[in-house]
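In the two assemblies presented below, chain A is common to both, partnered first by chain B and then by chain C.
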Partner chain A sequence: MATPVYLLPGDEVPSDRLPPTSNAPLRLGPGLRLLSKSHSRSTKAAPSDHVIVATEAGLLKTDLKRNAASVLTFPNRRYIATPNDLVIAQIHHSSQDYFHCMVTPHAPHALLGQLAFEGATKKTRPMLKQGDLVYARVLSVGVGAGAEVELACVNPATGKAEPGGLGPLTGGMVFDVSVGTAARLMKGSSASAANQQDPVDGLVVLEELGKKLESIGGFEIAVGRNGKVWVDCSNGGDSAIRATVAIGRCLTMIDDHDLSPIDQKKAIARILKEMKLDL
Partner chain B sequence: MNPPDNGVASFQPVHRPDGSATYTCPLTGFNVLGAVNAPIELPARRDALKPEEATLEVFVKPATSSPAVGERYVEGILRNLLGAIILGREKGFPRRGVVLTLAVLEGGDSKATGRGSSYLTLLPALLHTALLALLSASVPMSMYFTTTIIAVTPSGEIICKPSIKDADEAASVHVLAFSSKGHLLLTESEGSFDFDTWEKVHDRALTICHLPEEASAGNGKVEYAVGSTWQKWLAESVEDYIGFKYAYEFA
Partner chain C sequence: MSKEAPLSLAERDFILDAVREGVRLDGREVDQLRPLRISFGREYGHVKVQLGKTSLVSRISAEVTKPRDDRPFDGVFNIAMELTAMGSPAWENGRQGELEPYVTHVLDRVIRHSNALDTESLCILKGVSCWSIRADVHVTDYDGNLIDAACIGIMAGLQHFRRPDAVVKDGQVIVYGVEERVPVPLNITHKPLSVTFHTFCDGKRVVYDATRKEEQASEGDLVMGINNAGDLCFVSKFAGAPVDAMTLITRSSVALNKVKEINGMIDKALQSDLAERAKKGLAEESRAENDRIIA
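On to the complex of A and B.
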């Protein structure tokens, strides 16, 4: 890989670091904008009248396959709802038509329709109580300030829970991780179906835990983009609770200390040993 | 490493806000903590919000006393300067707020933070902390800025890195801020001086703050002009932190 390009607000993206021009339009991710060069002080002939300028500080990341460029900014940000994100929400209270859910702390409640579940009708709908968890998709975020975030556990077009697994989460336990780590975990799980060899974004924690805990029956995991991870080891028998807590400790530890893949494996081995799970 | 004469910056020292930074000024010893929440709903102020832009709120908390007139004055200066470079019309920002809180943790000299004294010695530290905190909260900005303080002695000598004692004894004290494109964004002066002195101060401050275009054109590892260390310092502080956080991208 070539030397990394760090950008500060107002810096121009060097044109030789962008994906080569092709027929497909270049996609600009967050943190970049297109400006027209109105007063060109340099005398050299510019290839185009436009420059791409950073608006946020960070590391330039280009994706040649998708013909996209974006800026990796400072991590550790509060979760801001975006349509189609998968989140883990907690029911706060329920009203006639909606469940009022907590997605981000210190933010207004998100709305989840009482009938927005797979196979739900007026007669048969999930009776969720305060504190119950749901795995849901962000349907819409509204426009402007003060708008309501709406969630759904079902694809309104097909009536199925798409992608699979949306709906109430029963049993298990929720752990908090940073928003950036949650995004990396999700990216890893979607990519691992295609190719199993390389760790995605430097996270080997789920693969490693899956291997080590296979003997006690494995575990189920759901990752929400809002920085929540739900873990359940209901097959684990006697060691189910210990295994759940161990997985949570591993995730929190790796998140807090930004561990490299080798350190992640060491940390997992140590935590499993402490929890007497290294059978 | 940061050149020690530009001070020490650290990112994300506190976890609750969206972005935060501390900055210690080596000359005056001021240690300032800045925290930014953005974009955030300001429900109590909904009627006062601008319909198409973000509202910027700045709070300065002094080290030893409660905020009063002097703090309102610097808050105004900061709000004007930062309002000019924050892109308040980006997605998600209109009708929401950008709230910046700056707390002076340590004053270099207890006298300097007392009631009624000059704010100019503290101003560069406040401005740099504000910028670092905004960067760490990923608030979109059209450009960044660098700032410096310059004192002129009664004999007309220009001191580029005045201590608090130098500033007290000076005939005039000037704080200037330049954008990364070289625009003059802020000039605050105190004391008696003439236009020629100010021109000299301006030229001197520009060489300290701003990297000439030719040097930055390569945008890679280039030789930085002597004296223009502030932009380099800022870039290195950001690179250190981002490079550490995204180490897995280079694997």
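On to the complex of A and C.
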């Protein structure tokens, strides 16, 4: 693997570290922005007049398969909405056209259209009440100060809940982790086995928990980029609550301590034993 | 936005279900305290308390003032606590929420009104001058159980604090600097601490040292102020379903054990801090017995 690229806000991304140009457009993930060079006076902007600049400090991550690049930040707790992020939002109140949702507590509310659900019509739209949770995608973040973040649980182009699982979350429990850890959890779920050895990406916690908790019926999980993880073990019967708490404890512990994959496995085994789940 | 962000329905239901089973989110027992760390700053009376993710700094300071007219023999002792935006985004600077007067009231009752600090010993010259001791509490992070954490901070601070020595000579009050004379510890009559429980399931489940989420899901709280000898100096239960009398009695014995445990931790922290200061040669100056033994 090549040496990692660390970026500070304002740093230009070296073009040789981006995925090689192909026909597919490059997708910019959180922490990156396309800017045009200020000194170029020509009205017709050639592609070389644009630079990709980091807006957050962190490690440059590229995904050749999806032709995407993003910045993996340190485990901070402040979430800045970026289009296409998957977040877990909490309904605060509902109005004529929108549900007003909390993505981050004490921050301005995000808007979620009443009809922005899969198969929703005026008559079949979900009736969400205050305190309900939804797994949604950030549709747009607007421009400038005071701009409203808009969420959707459906892909407007296809009318399907893409990627799967978007929509109201019922039951279960939500655990708070740092934004950085949430990003790593998301990475882990899409990463290949080879990537697991990467010390930065290497969060084996979900796979390990999935293996260990298979005997009690497994669990459902939704990771929000806003630092929230929803866990549901409703198949677990008697041990459902203990299993959920154990998963939450594993996540918060991995969030608090920087653990290597081996230490993660050890810690998971210890917590499961403490919660009397090591069957 | 001066209000705490509401819990989602899923979180509330889950916490209640878990408490019913006797399980807590961080895997603690029902009567278990979160990891508590007490550390002291460079100056006397500067304490940092870390209780789980709740953390605060308390600072004791002293100045010479005129005693109140109706109590010429008494010194002044005040507890000042302000919840600023530093501690939680739910708090606003300069605006009082619901929590602040409540916590201040409990601290006042448990520490000040129970006479933990002997105010008469703060008198320097009757009706003319006395010491005014002030305890400031600054919350730096909030994750529930503010009352107990603040109480630990203030009590540890009072025991750690040393005020400058002052004498009366020919009707004149002379205050000696810390370098001139060994500073004097405060006169602590007893060491009360608050123990906060939260009630769930119509008062049937009582949980100690709740986190912020547990506090939000709870029906109400039950605060007891107890000292090492088991004297109950404060009990309050302002909200929630009634709690069985037997539960209250068993909880008070639990609370007594907790107070002994925490006071033990404070003593240990104080002693190790004193030993640390002795190494630096500071305690050589601050030891009072030196003069007496030689004289």
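The definition used in the following text is that the second predicted complex is superposed on the first by the 194 of 279 C-alpha atoms of A that agree within 3 Å, B and C clash if a C-alpha of one lies under 4 Å from a C-alpha of the other, contacts with A are read in each partner's own complex, and residues count from 1 in each chain.
Heads up, the rule we're going with is that a contact is a pair of C-beta atoms (placed from the backbone, for glycine too) under 8 Å apart; a residue touches a chain by one contact, two chains touch by 3 or more.
What you see is a predicted model; the values in this text were computed from it and never measured.
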Once chain A of both complexes is superposed, is A:K61 in touch with chain B (first), chain C (second), both, or neither? first
Which superposed partner A:G10 touches (first chain B, second chain C, both, neither): first
More chain A residues in contact - chain B or chain C: B
Contacts from chain B onto chain A in the complex sit at residues 11-12, 15, 18-19, 39, 41, 43, 46, 49, 85, 87, 90, 92, 94-96, 135-144, 179-181, 213, 217, 219-221, 234-235, 238-239, 241-251
Over in the complex, which chain C residues touch chain A? Could you list them? 1, 5-14, 17-18, 21, 23-27, 89-90
List of chain A residues in touch with chain B within their complex: 1, 3-6, 8-12, 14, 31, 41-42, 55-59, 61, 72-78, 80, 107-108, 144-146, 201-203, 258, 260-261
Interface residues, chain A side, partner chain C - complex: 90, 92, 102, 105-106, 129-133, 169-174, 230, 241-242, 244-246, 248-249, 252, 271, 274-275
